[in-house]
Amino acid sequence: MCGNEALAEAAIIAGVDAYFGYPITPQNEITAYMSRRMPEEGRVFVQCESELAAINMVFGASATGKRSMTTSSSPGISLMQEGLSYLAGAELPAVVVNVMRGGPGLGNIAPAQGDYFQATRGGGHGDYRTITLGPSSVQELVDCMGLAFDLADEYRMPVIILADGILGQMMEPVVLNGEKRWPKREPPAKDWALTGASGRKQNIVRSLWLKEGVLEELNNKLHRRYKQIEKNEVICEQYEVDYAEIVVVAYGVAARIVRGAVTRAREQGIKVGWIRPITLWPFPTEQISKAAEELKVFLVVEMSLGQMVEDVKLAVAGKAPVLFFGRAGGAVPTVEQVLETIRQLTIPEKR
Amino acid sequence: MGGQRNDEGLSSGPPEGVRMKANGFYEEVIVAGFGGQGIILAGRLLAQTAMKAGKEVTYMPAYGPEMRGGTANSMVVIADEPIASPLVSKPNSLIGMNEASVNKFAPRVKGGGLVIMNSSLIDSEPEVEETTDVLAVPADEIAVELGSQKCANMVAMGAYLQKRGLFGADSAAACLADVLAARYHKTLPMNSEALRRGAEFAKTHS
Amino acid sequence: METVFERTPTFKDCPTHYCPGCGHGIAHRLVAETVDELGTRGRTIGIAPVGCAVLAYDYLDVDMVEVAHGRAPAVATGMKRTNPDKIIFSYQGDGDLAAIGTSEIVHAAHRGEQITVIFINNAVFGMTGGQMAPTTVLGQVTTTTPLGRKAEGEGYPLQVSELLAVLPGAIYIERCAVHKPAEVRKAKKAIKHAFQLQVDGAKGLSMVEVLSQCPTAWRMTPAEAVEWVDKEMTKVFPLGRLKG
């Protein structure tokens, strides 16, 4: 079972009622898997005419209170931005998986992390955010599915899982229905859902607010929710940060490579640790800011030419130097390259 | 051997050529050939065998248009520690099933590494480091003897397993049913035998 | 005193924002009457478009959602597939359905989604101030065809109903109008039939196109607009049942 198939099964375990998809490499295994498994489970699968249609079908199912999702890869996710903005405006939960590939444009089908800005900044029009999870192993991809649905329901907003071509295509040992890494949350009652106005007043799901001041009220409400998420939902892993002189920050597949490089660098006596954000938004600003107080050097490694590095710089706020190493266009940094970058960082200070 | 970090771990008697760390091994394998040779299946079998043996393992196929282009490859990393990158740029071992793939990947094999090449389809000598062990296996010919050219991948895999000594050909054979689609299960005995014959060939030709 | 006419309950008791002479109010009422007559208010979900009818939920007292421009048939698909027992309808204008949303309506019909579409065709983009729509007739003056629409470069009026009628997944397509009482009665019958098909679980999409007058964007009096529907619009968009 490859990462794509594992995440599809994890979504079924998480209770997804409806999956809507459109073919695009490197995530086609998800759509194929769902086309078989969803009907087996008596749930909904639709192969859509476009990503625009897919995200709007998600919108429709979600408006009736059902757990729904779609998956795509970078160019398809661009098309979905309209729908994501409407989901945010209408306060509807949804889970969207982006198995990232190289860009811009049609780019290529190789793994990349070039959609970080798009995912963490909202992506579509208007003043909104999407919770963004950046798993780094097939197991974590699986674990993130349940969490994503729980967060989407709890905060009534779209949640994006930012994977990439490697995670989607690779296989590694995975436990699908094991102990939950993040405990399952009790979903709140969806009394806003469109279920037919039987014995109650009409429910309306909308994002248009023309009367003066009403939209600002919605914006403020969403903003308060986003602040609460920033306070409560940050997940990140740290390794030997307290004793390190260099802290490497990376997410997703890049973080695996960093972990390999840091392990070897430490064998060579270099005092280096790492921070791995799992939630990319909310970003672990506080954790990084705290680490920056102790005059460390930060190195950010990405499969792009520098996107998350901006969040790290905001968190560090000038308290420490922030350096960057990245490969783009589908190129993946090797353990040796990251190790060499770390070694070079140590030369001026240590000799 | 693979760089600065390997000097300490060699005393514990690891399989020869496998890059060692203090706490275990880190084997990076590329299986390559052309589409239809069972390249993906062979890689998945190795990954499944490693997983059943309790190792950390990743398996990564080449995907997309490449799969239609004539050469196919899959990358398997097996280790005692969590695996960094599932992508393999410089393998310890190569199982090359056709000339194009050996030409492409053999020069990337690390010194002290292992190349299993399908001599039924490859005439030339691979371009490798001096310390790399090359074993030419007439995989297609052995496979035809067993009943079908299609199990040449398993002959080569058997030879690899024997040379590397990480897992036995019989533990791989026990995993065949996991990776082979049910409609091919009638070929299980032939594939098991192919693994065994490959291993036997490696034992007698080293 | 005998009551000969009363407001149907699903049509809310409030003034609408529609211009004098506009056809939307009538079309809304026909939908509301249908919902009440079929007794399906408690399981009906409506979809408002982007266009003049964006606030349809202010007038129709059923569960409603407002969606992105043109995407109503996709949203309807998501709703109906996950809620086969609900009655799902979209209410879309010609900018929404015939311009930006052609892909969604064609594919919803193509898949045979069991939804009902009320398609209001007034040959113009009303809400944005009267620009040319795909349905604008040749020679018609709009803010973006100041000299009148010409076929060359601007195309011929798009006949969506005819286009959809050839798809096996569309089981009922009828074009109606609301510019005179007899036509309103026919439109009511068509809308009710379209909903009834869904209630009965008929396998496919039903759509009623309603030619509607837009005096404001047409720069006409309501009386002139009614006349224009009768004389000009029906020439390009002939009334009647196209399918089913």
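Here the chain labels run A, B and C in written order, and each chain numbers its own residues starting at 1.
As a convention for this text, a residue touches a chain if its C-beta (ideal position, glycine included) is under 8 Å from a C-beta of that chain, and two chains touch if they have at least 3 such contacts.
Note that this is a predicted model, so its numbers are computed, not measured.
Participant: Using the stated contact rule, I'd like to know whether A-C or A-B comes out ahead in C-beta pair count.
Facilitator: Output for the comparison: A-C.
Participant: Farthest chain from chain B, comparing Cα centres?
Facilitator: Between chain B and the rest, the longest centre separation is with C.
Participant: Hey, how far is the Cα centre of chain B from the one of chain C, in Å?
Facilitator: 64
Participant: For chain A and chain C, what's the span in angstrom between their mean Cα positions?
Facilitator: Those two chain centres are 40 Å apart.
Participant: Would you mind pulling out the distance in Å between where the CA atoms of chain A average out and where those of chain B do?
Facilitator: Roughly 34 Å, centre to centre.
Participant: Mark out which residues of chain B touch at least two other chains, giving numbers and ranges.
Facilitator: Where chain B is concerned, no single residue meets two or more other chains.
Participant: Quick check on chain A: which residues sit in contact with 2+ other chains?
Facilitator: none
Participant: Can you list the residues on chain B that touch chain A in the complex?
Facilitator: 3-5, 21-22, 44, 47, 51, 56-61, 63-65, 81-87, 89
Participant: Mind listing the chain A positions that touch chain B in their complex?
Facilitator: That would be residues 2, 25-26, 109, 165-166, 169-173, 253, 256-261, 263-264, 267-268, 332, 334-336 of chain A.
Participant: Where on chain A does chain C make contact in their complex?
Facilitator: Touching chain C: residues 17-18, 20, 44, 46, 48-50, 52-54, 56-64, 66, 68, 82-83, 86, 90, 194-199, 202-208 of chain A.
Participant: Could you pull out which chain C residues touch chain A in their complex?
Facilitator: Those in contact with chain A are residues 41-45, 47-48, 54-55, 57, 61-68, 71, 74-79, 81-83, 86, 103-104, 106-107, 110-111.
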